[in-house]
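You will see two complexes here that share chain A, one where it goes with chain B and one where it goes with chain C.
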Partner chain A sequence: MENASTTLLHPNVGWLLLVLFGAGWIGLGIFWGRRAKSFDGFMLAGRNVGMALGTATAMATWVTSNTVMLAPVFALEKGIWGMIAYSTASFGLLLFAPLSARIRQLIPKGYTSGDFIRLRYGRLAWVLFLIITIVYSMAWLVSMGTAGGKLLQTLSGIPYINGMTMILFVCVVYTLFGGLYAVIGTDFIQSVIILIGVVLVGSLVLFKTGLTQVYQSIEIHQPSLINALMPVALLSLFNNMFFGFGEVFHNNVWWSRAFAMRKDVAPRAFFVSGLLWFPIPIAAGFIALSASALGINVIDPNTVGPLVASSVLGKTGAILVFIVVFCSLASSIDSLLAATSDLLVEDVGKKMLGAKDNEQSLRRISKLTICALGLLTWILCAREMNLLEILFLSGPLVASAIWPVIGGLYWKRANSMGAVLAMVIGSIIGLVAYYQLGWYTASLISAAISMSIMLLSILWSRNDFDWKRISETNG
Partner chain B sequence: MHLAIPSVIVFLIVYGALIGAGVGVIVLLAMLWKDWKKGRLW
Partner chain C sequence: MLGIGLMAGPYQGIGEPPVPRWVSPNESPYLADEGKVLLEWQLPEGSPASVPFQFQLEQSLQPDFTEPAMRYEGIDRATFVTGLAKGNYYYRVRVLSDSEGSGAWSKVVEVNVEFVSTTLVVTLFSIGLGVFVMTVVSILKGHRNCLQHQESQRKQDEGGQL
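Let's look at the complex of A and B:
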């Protein structure tokens, strides 16, 4: 365990920030949650979210603790291409914009991404899709909890178990009381704080060091970081892009937002959120690149961001990083709790197990599911499982779902067999590539295999899907 | 093989990102103001 003298902040300061912000999120969650009078309100914020809140929630959800902590590691290891590689994850949001318009057109009263796959491809593809998406969502959720606990411990010396428990507790409580209203409302404030924090820390580091000095230092000490032809960095650029497409296109976190926003707002909000997200990993990555010019000896790459920020800005820098990290964690954990519980209630509870379709009972089940998810996440986090590895392993799984989703949305000839084979074979070959070639090829290969199978099945198919089968069912 | 990314490109990327993120804050707040005035937040 870290002690106060080796951490950037005193544990008491860490606890004070945690309690202040935690109480703030819970208070705001309860306040906004009063709007959730119906199950639709609780689950989808009344399906009437406007441009500002829609854009902010899409952006904030996509800014995870990885974005602000792992982007600097990418920059430190793979240089300029590394930080741009991380930014390409924003293309997922940009390209989801037209998809969200199509989703609202085809399935206006839908609830989850699972609804669409079930109605479009049938039971087998639906079950397979649910397995992929639940494995991915749990890995993402647990990796956030674990990263949160470790980051708070590194930054302030708060013991891992206490910090992780506090973060999960705060997120579970306000999601429980306010549903998607609370998630979207707090996401707006969190996205503004994250953007201000990143700009402030990045600009101050820039003024302190000067870009010329940083460039010259890299040129002398680590020339590979500015090498335009670094093979691993170039591969990771495309791999990250496809991992991002897979994550956004299939996951209910994004589908639930598409259903929650007003019909005309959804595509514009996703597009603007992608634009707003793009500079964040670059700004965060630049902080890491400055380490060498500042003469900072980086022992653990995972802490390079806070290390540089605190060495340039002192305690203020460490406090800023702490707040940005806490906001990044909360904005993703709350969204995952809400969207994954929606998926479990709607797809598993209601459609698979036949739970009663009445408002009160569904809302009760939904709240119990959020608590159960929080508890399961806590148990897995408490065991300190290396879920980041599983999150990266899920890259080829989610990448295999890109083309079944796109094909299902746009092509009448897309069919169940093609979607199932694309997901199964794409995932298997992607996983083999992960172990045999390297993580930076897995999503790329999985997406390519899945695309080939999907396109071949569309070419050979005589399927003439009637779109009304989706829209008339109303989810 | 080594081909260094020119410093001017690195300048454009880093300054562009910082300015872009700063503009992002203004855009978000402006959209919030517009939606709030029209009563179309939720």
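Let's look at the complex of A and C:
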């Protein structure tokens, strides 16, 4: 049996790749960043992103280091249903397609998701929403930084702290120089590399092992993984789906892209990116399922995907996996840094604290915020927190925001009290479920409670919201 | 990767092979409610650090290991077991050696796999399905209404211009 105690790439090779790609992203970031002459350009890439770049940025952002690491973990621990459960996160992108059309119709000059919640539901719901989204964004950033450090260590033996620091440094620098122009431009190249890499690695693993061999090995050693009624896997299906809905529907990463794309482009780009994303966790998951058939000893489930891929494909494969991992990390970290700093500058700085509405001052604050976010992420990542724990704890929070967003976009009778109660009670009960029943129930229960409260509040409400209140005040 | 063959007979001259101790799970019986468990062991203090010990891990459905199955053999000191079906499993580990004879087995650790209740699964799955349908229907219906509204607005505008 193969052992997990060794790495396949020499640390020097790892460093060489890190420096080469890091320098490349920074160079491209500075190059594309020259187009960001105004604050609007820096934040939203001039609101003129087309179909190809729009689709690529949505897909690349959603292929995170968590996809590379957690999709295989889902497959390894929950089998076939686990793979499908992770893929259902693509439904979030598919359903965000119609939502993005509505967002562009209601607030064509909007900047952030916080803008919408503030104008639609008022200050209390807005503050609550900001707390949820900032907690989630930090959890996502930290989980990716942690994942990145661990992956680089597994693949090349680069010490965790060094790899994690390097990744964060590169992403902070090019986002700092180029804003959303740099983020979207690099996302395009990164998405092409990710797609080719994942398809290639998945196909080669399949070619080397074969479906029958994988199935037979699982049947003997891991029978629950092919059990269609595996309880935890069944529950994780909807739990993961609602977590994905919550992530996409509420977070400014997606709203900023909806604002940045041309009006007619946004719905099509989100839909196509959802379709392209769907098979990626299945390919990544299959790689993990073949670990047993290949006789690979897995110690840390978080690293099973790269471990198997590197083992099957040798040194060249390890280099390929390293590049794909670095691209998936960069494509998500840069997006989160940009979108979260937008949210902090626009909602907290400008609207809450009354910062000067001056181009130069806002751009300076924005850059300082990106640096501060990078530093905070580094501090939290240095503690090497548990990946699943970090990410899934924020699941019930974001799931509670699904229905306030949908209701707020489509229904005049959706009201502030309903939205606040839906987010508060949904989050609390979801968190209780997380600890009492298991992580695989938290987002599901939170979404169900939040939906029930929103529907009841709409039924009892006499609210007749005037949509013009959003579009007239905004921009 | 280091093959097993390369590691044969590394303990010559160190006497009796040491007996591994369990690090994880830290209790026996251990309840694995998701069908997974990290099995991790270590050697007692004083074991020669320079020797690349090789281990053998066995799994059995009986506490007396009447029908054991080899679960892992190699130099790693842990393995992550997943996909276990409902039931009780027993594990033991020892140091392997072809020259001094294999070491003694560790204490047996028991892992009980017990999933969440079927009632809870069916209830939550049904709720999940309901919320999913409601979410999709609400968005699609809302989207259709918006398109219809835009269309009627456009016609009104055209009528006004005429």
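Throughout what follows, the second predicted complex is superposed on the first by the 465 of 475 C-alpha atoms of A that agree within 3 Å, B and C clash if a C-alpha of one lies under 4 Å from a C-alpha of the other, contacts with A are read in each partner's own complex, and residues count from 1 in each chain.
Note that a contact is a pair of C-beta atoms (placed from the backbone, for glycine too) under 8 Å apart; a residue touches a chain by one contact, two chains touch by 3 or more.
In this text the structure is predicted, and so the values were computed from the model without any measurement.
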Problem - First (chain B), second (chain C), both or neither touched by A:49 - result: first
Problem - Partner chain(s) touched by A:227 [first = chain B, second = chain C, both, neither] - result: both
Exercise for the section: Name the contact category of A:446: first (chain B only), second (chain C only), both, or neither. Expected result: neither
Exercise for the section: Based on the superposed arrangement, let me know which partner A:299 touches: chain B (first), chain C (second), both, or neither? Expected result: second
Handout entry: First (chain B), second (chain C), both or neither touched by A:64
Key = neither
Exercise for the section: Would you sort A:191 into first (chain B), second (chain C), both or neither based on which partner it touches? Expected result: first
Exercise for the section: Using the superposition on chain A described above, determine whether A:95 touches chain B (first), chain C (second), both, or neither. Expected result: second
Exercise for the section: Go through the superposed model and pick first if A:217 touches only chain B, second if only chain C, both, or neither. Expected result: neither
Exercise for the section: Report, in rising order, the residues of chain A that make contact with chain B in one complex and with chain C in the other. Expected result: 223-224, 227
Exercise for the section: Note which residues of chain A are touching chain C in the complex, please. Expected result: 1-6, 76-79, 95, 98-99, 101-102, 105, 218, 221-225, 227, 230-232, 234-235, 237-239, 241-242, 245, 297-301, 311, 402-403, 406, 409-411, 437-438, 441, 444-445, 447-448, 451
Fill in the blank from the handout: In their shared complex, chain A is touched by residues of chain B numbered 1-5, 7, 10-11, 13-18, 20-22, 24-25, 27-29, 31-32, 34-36, 40-42
Fill in the blank from the handout: Residue set of chain A touching chain B in the complex reads 35, 45-46, 48-53, 55-56, 59, 80, 84, 181, 188, 191-192, 195-196, 198-199, 202-203, 206, 211-212, 215, 219, 223-224, 226-229, 262, 272, 275-276, 278-280, 282-283, 286
Exercise for the section: Report the residues of chain C in contact with chain A in the complex, numbered from low to high. Expected result: 1-2, 4, 33-36, 38, 40, 72-76, 78-80, 82-85, 115-116, 118, 120-121, 124-125, 127-132, 134-136, 138-143, 145-146, 150
